[in-house]
Amino acid sequence: MSYAERMLQNTSSKPSMDAQALAECIKACLDCEQACTACADACLGEQDTKMLARCITLDLDCADVCAATGRVLSRQTAFDMAMARAVLQACTQACKLCGDECATHAQHGMQHCQVCMEACRRCEQACNQLMAA
Amino acid sequence: MSYAERMLQNTSSKPSMDAQALAECIKACLDCEQACTACADACLGEQDTKMLARCITLDLDCADVCAATGRVLSRQTAFDMAMARAVLQACTQACKLCGDECATHAQHGMQHCQVCMEACRRCEQACNQLMAA
Amino acid sequence: MSYAERMLQNTSSKPSMDAQALAECIKACLDCEQACTACADACLGEQDTKMLARCITLDLDCADVCAATGRVLSRQTAFDMAMARAVLQACTQACKLCGDECATHAQHGMQHCQVCMEACRRCEQACNQLMAA
Amino acid sequence: MSYAERMLQNTSSKPSMDAQALAECIKACLDCEQACTACADACLGEQDTKMLARCITLDLDCADVCAATGRVLSRQTAFDMAMARAVLQACTQACKLCGDECATHAQHGMQHCQVCMEACRRCEQACNQLMAA
């Protein structure tokens, strides 16, 4: 069981949203933040860094948005749905943009972009599922 | 001149948006992040912390969203407008929610909420002006 | 396999430190950041918030330090050992202080503090092991 | 007057350290975080990005450490000196490393590195002065 799940189960307040979708989304945000941070770094080690400038930028942006989203969702005691929706929408968009950019480089053999794309797609999906729940 | 302005002037890429509105928005995001972080902390020192649980939560949320927004806007080399719009919309909403909550406590004499509300209003306005520019 | 492990394996640069200890430390930092963020929030929902002010503060501090540490460690392409040591030392100290505080509340039945203490202890240990590696 | 100063004056708890040195250090951390974020981005727009990989990495690392430090210092209600010292030491080191790296590129005409170096030097000094106070 992840720490996010354990924390949700050991908090006196009831989670504001479906607990499983919430825990998955928090975890997906953390993983995506890490994958994006590492992908931006791995891009710096590639031969043609210039071609990867947009990827590096979207990676860094997406990491920051995912970090904020994971934190907002982790605060359940005085949860505010409008705040959550605002960051979830931004996170969905950030993951979509970054995932699309990584997809093009993954097709040209950049494996870190492949892993990062998967993390972005999963996070985008988890955000959408949480908003639908 | 702020560091944000100096950095914008000393970068080879041209800023994607009106440079003055951009520098002001970056600065407003940083200030709002700090004011919200300090306001959440000051709320912890008040007598009736329970009543301030929502304020503390929105402060912490708003600080995280402002931090992400300030960073995304600081990246101009491979700037992506869709990414910027997504975080600016989230930031506008976060500052509105947090500013409204702080306003109610400011009316009851909490001066840190008064200062924080001002930082939130200014940041909300700067985000709106940047999106309109 | 965690995203951190997959990213380390799919980056052209060789990790600067023992890859397994590095991946574990990155993961422990992310988990500890999340557990601390959620513990600060859960403390807000407890009856005697005043008594928990120090716990909330150390939780928030520790979350921020863990976040920075996880990111620094995720950047391996132009890794700088002095930078890594500096943040690892801060992180070890932050996790020790926060873990000790949570331990006292865990003894009085606060289960979120128990989970958070475990995350802090694990992160402290992972940082120490990485510095020893 | 900065928001950091106004927040310190409008909080019921007395600041744990010299208020002026504290406000200056918080402000220097925020400015340095922003300058480092923008410098990493500006480096991406330069012709020889490869040569700047270490600068970009140290910029990103330093931004993250400064962000954490500015937040820890902004929390004064249940301030913990050991926590503050740990992050201040990491921040001093991060600013030293990043400032030194930027200094070498500033000498070769990179103006964003010049501005970033100044932000790093100021933050390093502010951290040292706060630890001495």
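Per-chain numbering from 1; labels A, B, C and D assigned in written order.
Quick note on the criterion: contacts are C-beta pairs under 8 Å (C-beta built on N, C-alpha and C of every residue); 3 or more make two chains touch, one makes a residue touch a chain.
Note that the structure is a prediction, hence the values are computed from the model and not measured.
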{"item": "Contact-graph distance - origin chain A, target chain C", "value": "1"}
{"item": "Centroid comparison with chain C (C-alpha atoms), farthest chain", "value": "B"}
{"item": "Distance between chain centroids, defined by C-alpha means - chain A, chain B (Å)", "value": "21"}
{"item": "Whole-Å gap separating chain B and chain C, where each centre is the average of the chain's CA atoms", "value": "26"}
{"item": "Chain B: positions in contact with at least two other chains", "value": "41, 44-45, 53, 56-57, 60, 67, 71, 75, 77-78"}
{"item": "Chain B contact footprint on chain C (complex, rising order)", "value": "40-41, 44-45, 49-50, 53, 56-57, 60"}
{"item": "Interfacial residue positions of chain D with respect to chain B in the complex", "value": "2-4, 6-8, 10-13, 26, 30-35, 37-39, 41-42, 44-46, 63, 67, 70-71, 74-78, 111-112, 114-116, 119"}
{"item": "Residues of chain D defined as touching chain C within the complex", "value": "53-54, 56-58, 60-61, 64-65, 67-68, 71-72, 75, 77-80, 82-83, 86-87, 89-90, 93-94, 97"}
